[in-house]
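The same chain A turns up in both complexes below, where it pairs with chain B and then with chain C.
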Partner chain A sequence: MVVKGEPMRPASFEYHRATSLEHALELLSQFGDDGRPIAGGQSLVPMMNFRLARPGHLVDINKLPIAGIEVLGKTLRIGALTRHEAYFGNPLIARHFPAFLDAVHYIGHPTIRRNGSIGGSISHADPTAELPAVAVLHDADIVVRSTAGERRIPATEFFLSAYVTALEPGEMVVAVELPLPPETSTGSFIELGERSGDFATASVGITLEHDGSAVTKAAMVCSGADLFPIRAPEIEDFLAGQPLIDPKAKEAGQLFAESIDPVDDHIASADYRRGLIAQLTQRAITTACTRALGKK
Partner chain B sequence: MTEITLEVNGVTKTLDVEPRRLLADVLRQEFDLSGVHIGCAHGACGCCTVHLDETPRLSCLTFAVQCDGSSIKTVEAMGGPSADHLLQQAFKSEHGLQCGYCTPGFIMTLAPFVDEAIASRRMPENDEIREAMSGNICRCTGYHGIVAAVRKAIGSGLGENA
Partner chain C sequence: MKAEQPRHVGARIQRFEDIRLLSGLARYIDDIRLPNMLHLNFVRADIAHARIVGIDSSALADIGYPTWVFTGEHTAGLSMKAHQDYPEMQYSEQPLLAEGKVRFVGEPVAVVLAEDAYKAEDAAEHVMVEYDSLPVVGTMKQARDASLPPLFDGWTSNVIVQRQMKGGDLEAARTAAAHVIKRTYRTQRQAGVPMECRGVVAHYNPADRLLTVWSSTQMPHLVRTYIAEELNLPESRIRVVAPDVGGGFGIKGQVFGDEVLVAWLAMKTGRPVKWIEDRREHLVASLHARDHEHTLEAYVSADGRLLGLKADITVDNGAYSTFPFTAAGEPGMVGKVLPGPYDLKAYEATFRAVATNKCPIGTYRGVARPSAVFSQERLMDDIALELGMDPFELRLKNIVREFPYKNVLGFTYDEGSYAQSLEQMRGLLAKDIVDATASRASETTRIGVGFACFIEQTAHGTPDFTRRRVPIETGYIAARVEMSPDGEATIDLGLQNHGQGLETTMAQVAADALGILPENIYVRHGDTLTTPYSVGTWGSRGGPLGGGAVHIAATKLADKLRAIAAHLLQVKADQIELANGKASVRGNPGNHIEIRKLARAALRNVDQLPEGMTPGLEAHASLDGPRDGSYSNAVHAAVVEIDVTTGKMKLRRFVVVEDCGTILNPLVVDGQVRGGVVQGIGSAMFEHFIYDAECQPLTTNFADYLMPLAPEIPDIEVHHIETPTPLTPLGAKGLGEGGAIGPAAAIANAVANALGVGVISTPLNTNALWKLSQHIREAV
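Let's turn to the complex of A and B:
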């Protein structure tokens, strides 16, 4: 039906409201490649409005009881429907995951953070999105389900390329599980975009374990260096053993920048991105070490 | 076509919609609410912000079918044709708008923020105001007038002399 010349932005689809997780999985299994779950819609609907995504069936999962942040044994389990704003003021995130908390501030803007979900962000796999980077940084497991059962995919193996993940047709992300870091661990996350809330040009996240004076173990993630968030094993090795007071952050940034081959696009040239990533790496390390010193 | 019932600005209506129709388009076309502006249709500009069950939501990123049984409020229900809501009046006096295209979105995003500040009896810092409206783009005012308008509306709600 076209009334008064009204715009029809997305292509046609059928809408299904899932009443339980089992119901959602049955529908997704039935539709296969042609079906997509929809939660907040903050990434999927723009893609549909531009007709970059044209699913024939949307399965609305907003009524399912799969939101929440809880400690399960030695992991923090975040239900797929957890909205981004839930991390602010959450004591578990504040206590154990400072880099995660930093990253949430860079996600879109308040209206998007109120509606967008972690399952959506992870499944969408935008190359510069914050939560995929956080998942890779923290060695998270992506917990996915289908009618065939559950599997757990390490975040480092989940993101395959820009907007491409290891999800099979009929599978849906149900949770993200992060191992709880040791008490002395800290971290930081820093990002630069054109404007507040824009897609990142690049971002860097760091986590550190330390003995009070030196780094004992480090992890680093970078978005903007490749088509998905990548870890930096050579910088992680470089940082282990560095003193917290002068961790050679500048050298680490330069070392990392030399090892990457970032994309050249309309936002930034590859050279600019390389320089930016060197800077962001330096700053993320410095902030994390400063926090480590304050925390001992 | 799917049958849905929406309560919009206090009026309940049942209608048949195609699932692909955006809430923004349905509000404009079926409810004649032309104050719902569509700027970018991908969540970057904030012009289409409405309240869905009392919280700001981008109506260009929402399908009308998802809102079956929900209550929706648009800028038309804020201060009526005379725009006499506290925040609308402050936008007027503080040069918070020029061309006006983005204004409904700013009002719908910021009204709950103003209400919350008044309820907690605290004047927010300018940085907090700018963060609260960071999802809305204005190409005319340079934002200073909008920040001033928010301060004025909160100030009058707190009983201060603006």
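Let's turn to the complex of A and C:
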């Protein structure tokens, strides 16, 4: 790669192009802690330029055949190299996962969505990235491989802290699998960032199952309340049984806001995050219920 | 003295330089690669205030490739001196590399040279600096606390300079006032962010004893002078070249220590040396801007006449005074401009710069005026609110209407369209004002309309700088126009073009005088070897003064062409007109000769010249600013829509009515205005350089230091009024900075209007707006 100008300079590293999944896993196992897969590079390259990440070896996985969105039995399987832009116009996503589709619109800008991959986003684990939140919301499994074999990690157990996941050295995400929801389900995802395309200050996603007039089952995820996306079990319980026409969305938002302890930083105060999350919760619920009514 | 029958001046000509800039043909500082070149990496202070105990670079012995390390011990005595000759100003110098102490995070402590930039950066990590930390001076309040030790030996306090300006009888105004309105306004610290960071390459050639320095600067001649004086070299043996410069915005309108340092290192090592600033360095350690607090007290009559204004101004200057505008420049500018476009009879300002352990501040597009206009125009709205007056009415009641107008400090305003632009803006906003009022019933979405009316002293020159006693000293701009034997022309311009469109507008100006086409005129700039001495491009002076100088030089050249044509056509010189490449006899266009034939006669077939005329076609002119400059005026307006439940604000409209006198090229004026407005929107809503209590910077990259992005920017509507000034040859006033001056005030006024609250500070980001909307949420 020819770099014009050298203003941002990573520490030195060795580059390896993996020619097959086995080859990639081989290399990752060989380098252990000192090796990293590189997918779209949209998070890793900036981290390396800032020298916040200093892998000795990069394993380029871009040539591996692990992209694509397909239904396997009762799950939707998304290959790790699926780029964010692939969800737009995908009929499976549009039909089964409205919250997911909402969320993708908030990811960065077109060039970032063209390059960034779900495996990269999940593994990078930015506290307010959309795809980790979507995975947690939909009870996804993160499918992980190493030379020792495959393991499946529930998304709710995958994200441990900001930029910290359950991945072990030598492991690689190969797919994310989402259980297909029943036909009478819907959802919504809403977020707010300082500028369009920014990582969110906070976001809330909702999925609902319903009987045409009331919520029968709900799931809720929130980013910005903690260092990783969290589910809101008490709100999920609160919503079950609420009528679609007036689901007490405002109360749900307030209830949730009282239960969280968000960070205070130079971009947003904890108070603001709490107030914002209450508002986003209210809106996400209202939108999902409106969609449910429209769908019937 | 106007150009006769302007043809090219005023035309909507696309910028010639864009062909180069938009097709990847531009050559920026980082494109300069010389054989045998060394790359420099700075070791910078990571602590804000400390004594340097020791610098240990012994680990480099094992690194496996050659490196060279220099510290303040090597460069002892070399420094940046930026002092203004005021008795009340405390003197300080900034060493090229820290000597003994560091005073802000990012201050250069040592440099490492290596044979490529990666190696230099790796090697810099091996240089260990041991510090003995000192308590920081982190806020204006701490800086004014006399019990805290001063940052420099020999200082009596951390107030670098404090001065006063006054005019009229303020006491009488206070006594006569029916209302006294006092407010404190704050504008945040920013980094000026050109797309291209800074950078310097230097090379010393012992064969001809010539030191060549390439720098991404707005002022190559001044860089040359400073290097010559500091390194004790003859100026004739230094060439400073500013290659294509990817934006400057005033940030590159200073001489920096690194420019001297890289030149010194090239001579010291005998090899070319290159330093390219990275974004983190730029944000942390290049130059900051704004960071003002103004307490204003207005004395107002019962019917809304502004009788008097008292101001107390503090600027957080950071650790060092910068050259050539110094720490006194920013507060002094506020003191000078606060009377603004209003007919004010009594005024007193006390203004000061204080030193803190932060990056120095300096000139950034608008220079102090974005902050001054923020306070002034917020105050006008606060007065209007208190008196229950319409904000347009209040301003129209106080606006200066008769010209020339001598203001309370003795500055004379030339012709302008202050009232007219206010009236025009009022018409443009009529529907939005209705929408805003209607939105007051909404529990979630409020619309607000705000505007700011301001003037800007432009085209200022030597008289202004002499009065201010700034080290810039001089303000003339020089140009040389030369025609070659084929009838095409070259302009060697003392300005440096970094986005102003000068390669086009200056050609337009010369084309009108010479009677040839702008595309046949080559504008050269930014190289001290080829261009006449001038102090560079900054201060909204290029159009009126640079354009004026080009006009005068081209007119001199045209006079000679006319004399040659008159001789060859056997008529009098004043009967000759130059246009469309021809010299024709007035009233008898059939009788003409081509200009290129005149050029050939002047330079090659000199036997055709009139008796006694010297060969050659070259003219030089320099033009200085009028005593008080020339005042551009504008009204900026914003229509905002705020979601009071989330704090999210959308700009529905941004409208500019501006008057910069004669327009040289409407496309260029629109571009300058729009670019400035975008930066002003950044000041109003996003950009904020934040330090923690230990003066550690928190916003060191573009994820934390938020620039305005395209989706946040509405279409910016620009309307023009053209009131030519009698003070410059073409009637042009400056306009490069104006776009950045109004937005913070206009947007803050719109927010205040939307939410029905006082707005006292920027940036108005979502968090701030959410707080300002609290009373509306609680009322639901």
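One rule holds for everything that comes next: the second predicted complex is superposed on the first by the 288 of 296 C-alpha atoms of A that agree within 3 Å, B and C clash if a C-alpha of one lies under 4 Å from a C-alpha of the other, contacts with A are read in each partner's own complex, and residues count from 1 in each chain.
Convention: a contact is a pair of C-beta atoms (placed from the backbone, for glycine too) under 8 Å apart; a residue touches a chain by one contact, two chains touch by 3 or more.
Treat the numbers as computed from the prediction; the structure is a model and nothing was measured.
Q: Determine, under the contact definition given at the top, whether A:L101 touches first (chain B), second (chain C), both, or neither.
A: neither
Q: Is A:H266 touching the first partner chain B, the second partner chain C, both, or neither of them?
A: second
Q: Which of the two partners, first being chain B and second being chain C, lies in contact with A:V221: first, second, both, or neither?
A: neither
Q: When both complexes are superposed, which of chain B and chain C contacts more residues belonging to chain A?
A: Counting contacted residues of chain A, the larger count belongs to B.
Q: Touching A:S196, do we find chain B (first), chain C (second), both, or neither?
A: A:S196 sits against chain B and chain C alike.
Q: Of the two partner chains, chain B (first) and chain C (second), which one does A:N115 touch, if any: first, second, both, or neither?
A: So A:N115 only meets chain B here.
Q: Given the touch rule stated above, what does A:F50 touch, chain B (first), chain C (second), both, or neither?
A: Both partners, chain B and chain C.
Q: Scan A:L27 for contacts with chain B and chain C and give back first, second, both or neither.
A: In the superposition, A:L27 contacts neither chain B nor chain C.
Q: Report for A:E14: first if it touches chain B alone, second if chain C alone, otherwise both or neither.
A: In the superposition, A:E14 contacts chain B only.
Q: Please identify the positions on chain A that touch both chain B and chain C, taking each partner from its own complex.
A: Overlap of chain B and chain C footprints on chain A: residues 4, 6-9, 11-12, 50, 196-197.
Q: Which residues of chain A touch chain C once you look at their complex with the stated criterion?
A: Touching chain C from chain A are residues 4-9, 11-12, 50, 192, 194-199, 201, 266-269, 272, 275-276, 279-280.
Q: Inside the complex, what are the residues of chain B that reach chain A?
A: Residues in contact with chain A: 1-2, 18-22, 25, 29, 41-43, 46, 49, 55-58, 60-63, 65-66, 109, 131-132, 134-135.
Q: Mind pulling up the chain C residues that touch chain A in the complex?
A: So the residues of chain C touching chain A come out as 28, 30-31, 117-118, 121-122, 197, 276-280, 645-648, 686, 688, 690, 698-699, 701, 703-704, 706, 708-709, 711-712, 765-767, 770-771.
Q: Write out the stretch or stretches of chain A touching chain B in their complex.
A: Those in contact with chain B are residues 1, 3-4, 6-15, 38, 41-42, 45-46, 48-50, 58, 60, 62, 108-112, 114-115, 196-197.
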